[in-house]
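Chain nomenclature is as follows: A, B and C, assigned in order of appearance, with residue numbering initiated at 1 for each chain independently.
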Amino acid sequence: MGEDQLTDSTTAAGPTIATGEARPAGRGVSVGSALRGTGRPAEPAQNTIFDVRGLRVFYGSFQAVADATMAIREHEITALIGPSGCGKTTVLRCFNRMNDLIDTARVEGTILYHGTDIYGEKVDPVEVRRRIGMVFQKPNPFPKSIYDNIAFGPRIAGYKGNMDDLVEESLTRAALWDEVSDKLKESAYALSGGQQQRLCIARAIATSPDVLLMDEPCSSLDPIATLRIEELMIELKRDYSIIIVTHNMQQAARVSDRTAFFTVDVKQTGMRTGRLVEFDATDAIFTNPREKQTEDYITGRFG
Amino acid sequence: MTDEHNPHPDLRSRFDAELDGIRRGAVALGSLVLENAERLIEALLESRLDLAQQAIDADDVVDRAYIDVERRVFRIIALQQPVASDLRLLISIIRIAHEIERSGDLVVNCAKGILRQQGFTLSHPLQGLIARLCRATVDLFGRSIECLAEMDHEGAGRLDEEDDEVDDLVGEFYALLATEAQKMHVDTAIELSRVGRYMERIADHAVNVGEHITFVVTGIFPRHAEIDED
Amino acid sequence: MTSDTTTPAVDLTGSRPRLRRERRVRRLFAGAAAVSIVVSLLIVGSLVGEAWTFLRGLDLSSLWTMGWFPRRGLFDVKTVLTGTLLIALVAMVVATPLGLGAAIYLSEYARPRARRWLKPILEVLAGIPSVVLGYFALTWISPNIVMRLSSHAGVFSMAAAGIAVGILVTPLVASVSEDAMRAVPAALREASYGLGAKKATTVTRIVFPAAASGIMASLILGVSRAIGETMVVAMAAGAVGGSLFQWNIFQPGQTMTAAMSALAIGSDQVAGSTSAFQSLFFLGLLLFLMTLGLNLLSDRFVRKVREKY
């Protein structure tokens, strides 16, 4: 059972983050040679969008994540699963430097984004967050109109183009335009939970990122709304790369292309540190995982 | 199962019990067919028409047990969304149950043949050979059910070799049958050749059962792996 | 209806003594609420009664004269009203930036360690007796700030009093608007940062507008407090007994509250049914109505905030 190593993947040429040039929305170039693994059909290699090496996260003296190394591919949905406290949300928030907002947080290791380490010295986290959007567990639209919610990101980034068109495009991509096109000036809070979450997705898309990070985006929604968002995610991966944290394993199985399983190690001191156990194609993880810990977790016998 | 990776042995104990129950249901199904096969051997060798009839009647029980196993598998898949080895087990149980049920049908076919011929009077060598063939086949089948009961995939791997023995016996049987055919009624010869064929197929089913067991335990289907290596 | 089951029916009626106790407690609290309503009604009643008497027995032209000289029968309302409003204005000019600034710092920028000693300091400020502030206005604010700003200003001025009242009101504005800003859910800030906003952008474009109702409430409360302040203005605004109508804040002036206290504790007693005494009630009623109106207004704003979250 071979693991697909991305040793010969090529990264798309693109401007570096530090210069802050504008990037078109998620149009990566897929170049690659077919890899042949044992017992697996050949898969075309895709570009790596995040190259994570030796990622460790500390809150003060408490280590939340131990040494994670993984490569996230473009135009795929990558799911991070695992029991509570395994660090999956912490890892997700590393990708857009949201952990910087926590005083005691310290991140070690590198995360290469299009070849540039986002934790490099000269890197401005604000720039990082403009290209890497985030959707949170509970929908959190601003107490503004639907229009202003979407326009917020572009406005503060100095967008000079036609805002009406941008708002319409974002809402269309988030499968929400038809439902709100006649009430753009109304408060975002008038929408249902599922609609608010799609609004948050549209808001994140409006800044033309090429990555969407989603932290349990459906956990506060009903099953129908959940299903719509899952279908939306699958459509969105054409233009974006998506990383999703979910505690719903069936959801990870339904939507993701690759799945990373994290577990939590409890030391004698009682410190709970998260650790990446296995990272593979989703169908492999759910039909024949390599690690017993993975098997135990996904069959519900652990965690 | 309690170990450091499973600090919650009670988690899913009902589910585990259900899985185990389904597996044991498949084993019980196999035992029913095995019992029937023993009846068949005795019916064949002793020309016991009553036992042949019993074998045919007992197939109803087999069919019902098969339907029950299938139903339980569907139910647990729908309600519990099993994955990984649990899923492999359940899919394999359906296939294994099918192999067993087919074997049961083949036993019935043999029994019907015995009834049609009102018993076989065979020459000594032919009698001996058919006894060895049936014994080897039924023993092979019995071992496959044992492997199922123990989830023994190493034993399951050896079934293939034992099948070769059966195939050899079938070959011998046909050779002998060919030479003795003129001495007997045409229908009898045809019926006996059918019995030979049925035994061969029962043996094949037993080997298949073994392969499914290997798949559950290792996640690799022996035949698929051979294709991939080409 | 007789039941023929062997087990007794379930008794859900509850214990008598407990029910009695609950009723007693409820009546106790209802009584407390009633007392506060009664007191308010008494206050209003006493004010309205005497104020009406005052107005009836008055030559209405004396309500619009050159100044507030009650012992001379001159009751120029606009003098004291202007004084009150000017003091409130100066106070808010001081308290708004200081109060809001402190609130923004405490809510958005200060680390937990800084908050731990900054908040108590603000509370100390809130606890300073107004007489002390009045004294501070005369001895420090007046010479060091007011008299430097205007050469014509004397020791007593509305500016000095206004600044002191502003200092008095700052902790109130800071506290209420800080609460309003902290009530803004962290999720909104996270969303803003997630979209690539800097901290200042998040504070000004998300937190501040979201807390706007609460902040408005804090400012209205501040104005209300400034209007009602008596001691500081009585001491530092410098018009004991009466004053002429005055626009210039660097001059002494008279507020409604100071006028009332001057009348009530003036050297020549004003007790009795002279119009001077009754004018107290008239001013008191005006004051009451103004602060009531402001508090109702601020309440509406606060309710708007609660609707959102």
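Just so it is clear, a contact is a pair of C-beta atoms (placed from the backbone, for glycine too) under 8 Å apart; a residue touches a chain by one contact, two chains touch by 3 or more.
The structure displayed is predicted, hence computed values, not measured ones.
Participant: Using the touch definition from the top, what's the fewest steps needed to get from chain B to chain C?
Facilitator: 2
Participant: Going by C-alpha centres, which chain is most central here?
Facilitator: Per-chain C-alpha centroids compared to the overall one single out A.
Participant: Give the chain pair, either A-B or A-C, that is connected by more C-beta contacts.
Facilitator: Answer by contact count: A-C.
Participant: Let me check something: if the centre of a chain is the mean of its CA atoms, which chain is farthest from chain C?
Facilitator: That would be chain B.
Participant: List the centre-to-centre spacing of chain B and chain C in whole Å, with centres computed as mean CA coordinates.
Facilitator: 92
Participant: CA centre of chain A versus CA centre of chain B: separation in Å?
Facilitator: Centre-to-centre distance between chain A and chain B: 50 Å.
Participant: Where in chain C do residues touch two or more of the other chains?
Facilitator: Residue numbers touching two or more other chains: none in chain C.
Participant: Sort out for me which residues of chain A touch chain C in the complex.
Facilitator: The touching residues are 96, 98, 101, 103, 126-130, 133-134, 136, 138, 140-144, 152-153, 156-157, 189, 200, 203-204, 207.
Participant: Inside the complex, what are the residues of chain A that reach chain B?
Facilitator: 38-39, 249-250, 253, 286-289, 292-293, 295-296, 298-303
Participant: Would you pull the chain B residues touching chain A in the complex into a rising list?
Facilitator: Those in contact with chain A are residues 1, 5-8, 11-12, 15, 81-88, 219-220, 225, 228.
Participant: Considering only the defined contacts, which chain C positions touch chain A in the complex?
Facilitator: On the chain C side, the touching residues are 111, 185, 187-188, 190-198, 201, 205-206, 209-210, 308.
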